[in-house]
Amino acid sequence: MAEEKKKKVSIAVFSGDMDKLLAAFSIATGAAASNMDVSMFFTYWGLRALKKKVKTGQSLFGRMLGFMYGGDINRATPSKMNFGGIGRWMFKKMMKAKNVPSLADLRQTAIDLGVKMYGCQMSMEVMEIPKEKMIDDVAECVGVAFYIEHAQQADVTLFI
Amino acid sequence: MAEEKKKKVSIAVFSGDMDKLLAAFSIATGAAASNMDVSMFFTYWGLRALKKKVKTGQSLFGRMLGFMYGGDINRATPSKMNFGGIGRWMFKKMMKAKNVPSLADLRQTAIDLGVKMYGCQMSMEVMEIPKEKMIDDVAECVGVAFYIEHAQQADVTLFI
Amino acid sequence: MAEEKKKKVSIAVFSGDMDKLLAAFSIATGAAASNMDVSMFFTYWGLRALKKKVKTGQSLFGRMLGFMYGGDINRATPSKMNFGGIGRWMFKKMMKAKNVPSLADLRQTAIDLGVKMYGCQMSMEVMEIPKEKMIDDVAECVGVAFYIEHAQQADVTLFI
């Protein structure tokens, strides 16, 4: 019953950018640590945050997309000043120097704190990223109706 | 009275990117189909989603903007990997192959389901896109006070 | 007591883009003018909106970042069609022609209306932007827990 009264956060994670994912996972872990019930819905580019380090895509376009936007969460690049990967390396250095946890660490903390992670069925199909190519901690692959159901009961709703 | 108790969604659509508009209209139609009351406020680049396929702009700058960011919802390009239009074509192909509705179809569904669409007066003036250049289904052109009024009564608020 | 019942807005400002900051400050000032209680949390690129016109950064990377993404709110460029600064100049021209307030004016209005502005401690550390390099009107530099605390009590939550 106390469980029922937990405040809820619903985060739609559209972006796969390193900096936006850092913001998303920081908010998610912070909210979970504050005893809130947190759900993250990953869609489009955000799906990278849940991918294993494997190839994806079946059709020509799907394979191209998998090639160009491939890899796992560690391949995420900052939304600005990436300069072909230099920016990512630079940010990782700066984060390490300040003892800020990496994206992969933040995701693990979110999992450990019970943050629920869902993949958006439709964008998984369009981008040809099947569930078996995603990390085992993905709770479910769901449709927009499922997201709406969660969002309308949430106290905090964000689109990142 | 039952009408009064409908849950509400307020979506500020700032982006004119194909993929973000797909997310915005998917959430809007999904919520409307779940019997929620949905309002979308289009501002800045998001205005493209409501434009007819016509030229816009009066001043030199306005015409330049209309030329470079012209066209209607079908001209929206993905936020990543557009490569001068190839990305848009590729995404459309992939969506069609998976029977995912196009952006224009999704917008029509939103209209049919009673989603209310508003244009932001201020950005329409700055970008020189008058109401007569927008589709007839735009409910009204409104100021920020109108948006705030709606948002504070909404159960789900998103900025896309 | 009437104070207690004010509706609340919580805006996480991640972006430092001119157009997105315009949207953020328009919503913030609009909400404050409608007698709402508004808090803005600036993080990552959004920190530029609070910076003085000074150099930042200590480490090599920090100085590089300060050099490339330096300056104050007036240096913010549009998210699209900047073309090395031409877009910013063009937008400023168009806004002036339509009597739309500049970003710096909007920020001042927000301050005058009592909008509270917070800097995100973690991204300030990563990006090497200390509090003394930020405008005096920044209320506090806070952690994610502080943001969560505010967001869960807010009626409108946005991530921009």
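Should a chain be cited, it is by its letter among A, B and C, assigned in written order, with residues numbered from 1 in that chain.
In the analysis below, contacts are C-beta pairs under 8 Å (C-beta built on N, C-alpha and C of every residue); 3 or more make two chains touch, one makes a residue touch a chain.
Given the structure is predicted, the values throughout are model-derived calculations rather than measurements.
As for how the two copies chain B and chain C face one another, under half of their interface residue numbers coincide. Its C-alpha atoms superposed on chain B, chain A is turned by 120 degrees; the angle is given in steps of 5. Our note on geometry: chain B versus chain C, Cα centroid distance of 24 Å, whole angstroms.
Looking at chain A, residues 157-159 sit in touch with two or more other chains. Against chain A, in their complex, chain C makes its touches with residues 10, 12, 14, 43-45, 59, 61-62, 64-65, 68-69, 122, 125-128, 143-145, 147-149, 151-152, 154, 157-159.
The residues of chain B lying in touch with chain A in their complex are 7, 9, 19-20, 22-23, 26-27, 29-31, 33-34, 36, 79-81, 90-91, 93-95, 97-98, 100, 155-160.
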